Amino acid sequence: MALTGVLRAGFVQLRVLDMKEALTHYVDRIGLELVDQGRDGRVYLRGYDEFDRHSVILREADAPGMDAMGFKVARKDDLKTYAARIKDYGLKVGKVAAGEQPGVGKRICFVIPSGHRIELYAEMERAKNGPLIENPDMWREDPRGMRALRFDHCLLYGPNIPEVSKFFTKVLDFALAETVETPDGQIAAFLTCNNKAHDVAFVMHKDPAKFHHASFLLDSWHDVGHAADLIARYNISRDIGPTRHGITRGQTIYFFDPSGNRNEVFAGGYVYYPDSPVRTWTADQLGKGIFYYEKELNERFLGVVT
Amino acid sequence: MALTGVLRAGFVQLRVLDMKEALTHYVDRIGLELVDQGRDGRVYLRGYDEFDRHSVILREADAPGMDAMGFKVARKDDLKTYAARIKDYGLKVGKVAAGEQPGVGKRICFVIPSGHRIELYAEMERAKNGPLIENPDMWREDPRGMRALRFDHCLLYGPNIPEVSKFFTKVLDFALAETVETPDGQIAAFLTCNNKAHDVAFVMHKDPAKFHHASFLLDSWHDVGHAADLIARYNISRDIGPTRHGITRGQTIYFFDPSGNRNEVFAGGYVYYPDSPVRTWTADQLGKGIFYYEKELNERFLGVVT
Amino acid sequence: MALTGVLRAGFVQLRVLDMKEALTHYVDRIGLELVDQGRDGRVYLRGYDEFDRHSVILREADAPGMDAMGFKVARKDDLKTYAARIKDYGLKVGKVAAGEQPGVGKRICFVIPSGHRIELYAEMERAKNGPLIENPDMWREDPRGMRALRFDHCLLYGPNIPEVSKFFTKVLDFALAETVETPDGQIAAFLTCNNKAHDVAFVMHKDPAKFHHASFLLDSWHDVGHAADLIARYNISRDIGPTRHGITRGQTIYFFDPSGNRNEVFAGGYVYYPDSPVRTWTADQLGKGIFYYEKELNERFLGVVT
Amino acid sequence: MALTGVLRAGFVQLRVLDMKEALTHYVDRIGLELVDQGRDGRVYLRGYDEFDRHSVILREADAPGMDAMGFKVARKDDLKTYAARIKDYGLKVGKVAAGEQPGVGKRICFVIPSGHRIELYAEMERAKNGPLIENPDMWREDPRGMRALRFDHCLLYGPNIPEVSKFFTKVLDFALAETVETPDGQIAAFLTCNNKAHDVAFVMHKDPAKFHHASFLLDSWHDVGHAADLIARYNISRDIGPTRHGITRGQTIYFFDPSGNRNEVFAGGYVYYPDSPVRTWTADQLGKGIFYYEKELNERFLGVVT
């Protein structure tokens, strides 16, 4: 296959203050499947159109935020190869034993210059009720709530964006799809390892290891509007949207889970190829880049992170 | 970049009976950009969201059909590598000089067991009026006609489907996303080299080198409906749709260009990854696979090719 | 109010062979609300966006079809006025006591020249869980299944179409929005009493009192596609669609309930006003009028009625 | 016909500072048809799906704003009837000669307690290139720009809202579809004369005769998003949206014409009937009523009028 190495953003582990409220939010509202309320106290979720066992892990804790983000690689050997390249680059590489997350093989982990813990893994069990593959119907059951198909990407805030961008492109073989450049240098990087506009993105922030949002894919702009109706009906804390990003062109709405972690549901965006040129945004047009319709920066969107 | 080797279906060269009528169809109705009416008598077109110079080539001829389908590879070296692998596999490999198509580098060409001429190339000039990349707007101008974003894939008819499927997966590093299996063996293969459900597909047919359709990507089911309105308004010969495919899940409408070549415009479809299982269809459910709503085979769709 | 007299198609009473199967169909699939499984053996349903208590009545019987279609008038006095006008026109007018349908006031009934039983009523109780009106949300709960908002209209088959058309326009103050004219006279009439393209329509058929379909309003073409996905997923017997009507411009899909009664869910259509000209279709273009995309008549659609 | 008296919001006459810029805005961007650049200096426009000759009149002036809003009545006799009723109510009624607007019959005019000039007319010539009626296609040409189908309603600001509300319901036979009530009384009224949620609305403002916006109907939420893309692409001054109103449920985006007059394009909204209850909003929920997603008042939306 021509798509090798890192395949995609595979999971995100989030901290929530109250698990019951979190499940109402992620299962009933966003529409994720409840896979497993694990003996380890963590809860495992998945979008209905994902083959792997889980993609969202919720852990009850005293403060919201992201524990780690995991990327799936194509083959077990890739873990060794990337571990070596990451060490060569100068980062420490740790190991997580197989089974630490139920159904997941061994992982390698490392902290990138923005302060975030990133993990790579090659193996995850197939979901028991995943997408159909024998004369398949569209879905087993009519999708629920916001009808999220899958976990798609995260946006992370922290320092050292140029370093992080270089690390992902040089070491993990990502491509820089879009960049925001100021007279003082790069302040945001949108990075992809496949045909999506981004699998992970980073925005400059003085504090390390900050979580901006986890994003879930919807089918269409129609479903973005439907998500907005649900957000209004159930008094979910809305951040901004429905709108469109200039960067990635995604049609989007942002809101907060009951613990204050930001979520996005989105649709659309262009198809990225390795021969696509880097799209570049300048500081004076950043408002348009972030919110294509509003064309202005929003303090809450820029400042509130977990 | 984790996406290497063959990147995508890059161009299709079609024969048309009357160039003027063809341009009304492809430019005004489907909404492609007219790039160049070449001195070689061929006309070069492109979807408004494509970076490369052209993706559709029209050649006036006495009979409709497809001359060749071209795939873009990531690097010039790939051409050598694939040429060697194709020869090893047992096919003859020819060369096409750089510039034979304006703005395109050297190509290699070969005829696959279904009788179709396939080409690989690594270099094509960037379109002069391609997508914007500096603080980019969505598009330069509001898209026209059916608002086709890009040439997406072809479906080709011919013999030796299992051979062709094997060739694309073993030699060109494609993945088999979906297959149709009968007691007499595989009769259709949907092959991808990236995150799309297919870049090219093959269906068994007694005659070699037959062309079923060239497909163009739309934004949404809404635009599929709008395409249907245009087809009705301008008396374009409609084949079937709006409907959905079981195979690939694409939302689609089929119609014919004035020369009798079948076109598709479509939206949607799932995201394919190398770790996605092969979706398998059996002969008794093929109707549902091809037309998810109609659930029945359609003689014209199966039989009319150019 | 400038909208007086007959307000709208208010209810349809249908015969079904198996009530349990019918409820799965109308409640779980189409998404109607179950109002009441009456002591009279009839079941009462309503679209989630309707204020009145019910709009669909199901009665278990040995043969499918329609018992009666009811239109709501603005005021109780209208019943007297219309009764007199209907008698003047030459039809017999019967009375149905208040409460014959739970929550419905007295009705008048009559059989029109096509053989159908039509009823008028002025009073129906407000639904207990109808649309919100105090600082209202969009809906109480996220709509279910096909997300039908309301019962919208019926298409009825029978003889004497010109007579029926005249009766509705001259006696009941409807307007003829569209008509199909052949050298032998009018064969179809689309009749409205408000801004919709039709509240009831009639097509010529040799047998009297035939039921073609009951139609339910959806929000959008997107939801028409979603209905098609549900029809495919649950193996509901599909008739035709998704497509568009030339007549009324509605975007539509047709299917059958488990008893063989045809249903439609649709979206769109133009806004009709009393000063809109009559749209006229000729026999040679009837295919386009009925199915704007297919542009051809369909024997099943024309011939299968209950 | 059961729909009598005042049929609909029929025209609005707006003042613009620069006619050339205004035409680019209303014709190229919103997509209205240019009917006539009259010898009287006024320019006449129409939505592509309107039968009457024109519905928007632009007049070059030193200050933006609305000259008058006109409602069409069903019959010439209605003009006399309403003139008498309006005089009985205590307002002065003036006359405008037939032909003052090309193709329009005689009008009556009066100033309502909010300070706005309202006109009634019964006759307007049919548009030369209006909607097709003989075996009609959807449209003559693929709609342009934002693809506005028709002028739909205005929102006007001024004092004496309860008086205005009473006038429209008691004298002009409108219905109050929605109202905003505060401890100090009614501050907004949404008034309809047909099945729309509103044909005209009024919001309390200290200054009389203020114009908030003229609104144009779109096909769908998809087209609201497309309008937003055009607004961004052409740097049209955006006010707010895409969003949804709690009041009327319309899906909407607001923006300004080059002279500072506010426009809306919208889709959706419920179907109103005379037996629909009045929807009531309280002051504390007004934010949700105006912008269902934002749930907060917006100073610019409330304060900027022409």
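Chains here go by letter, A, B, C and D, matching the order in which they are written, and residues are numbered from 1 within each.
Rule of thumb we're sticking to: contacts are C-beta pairs under 8 Å (C-beta built on N, C-alpha and C of every residue); 3 or more make two chains touch, one makes a residue touch a chain.
Computed from a prediction, not measured in an experiment: that's the story for all the values here.
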Copy pair subunit C, subunit D: interface residue numbering same or different (half cut): same
Whole-Å gap between the CA centroids of subunit B and subunit D: 47
Subunit C and subunit D, separation of their C-alpha mean positions in angstrom: 31
Whole-Å separation of chain centres (CA-atom averages), subunit B against subunit C: 44
For subunit A, residues that touch 2 or more chains besides their own: 137-138, 220-222, 229, 232, 244, 246, 288, 292
Graph class of chain-chain contacts, one of line, ring, star, complete, other: complete
Subunit C - residues contacting subunit D, complex: 1-8, 49, 51-52, 72, 74, 126, 131, 133-138, 150, 173-175, 193-196, 217, 219-222, 244, 246, 249, 268, 270-271, 273-282, 285, 288-289, 292
Residues of subunit A touching subunit D in the complex: 221-222, 225, 228-229, 231-232, 238, 241-244, 246, 251, 253, 288, 292-295
Contact footprint of subunit D on subunit B as seen in their complex: 137-139, 142, 145, 220, 222, 229-230, 232-233
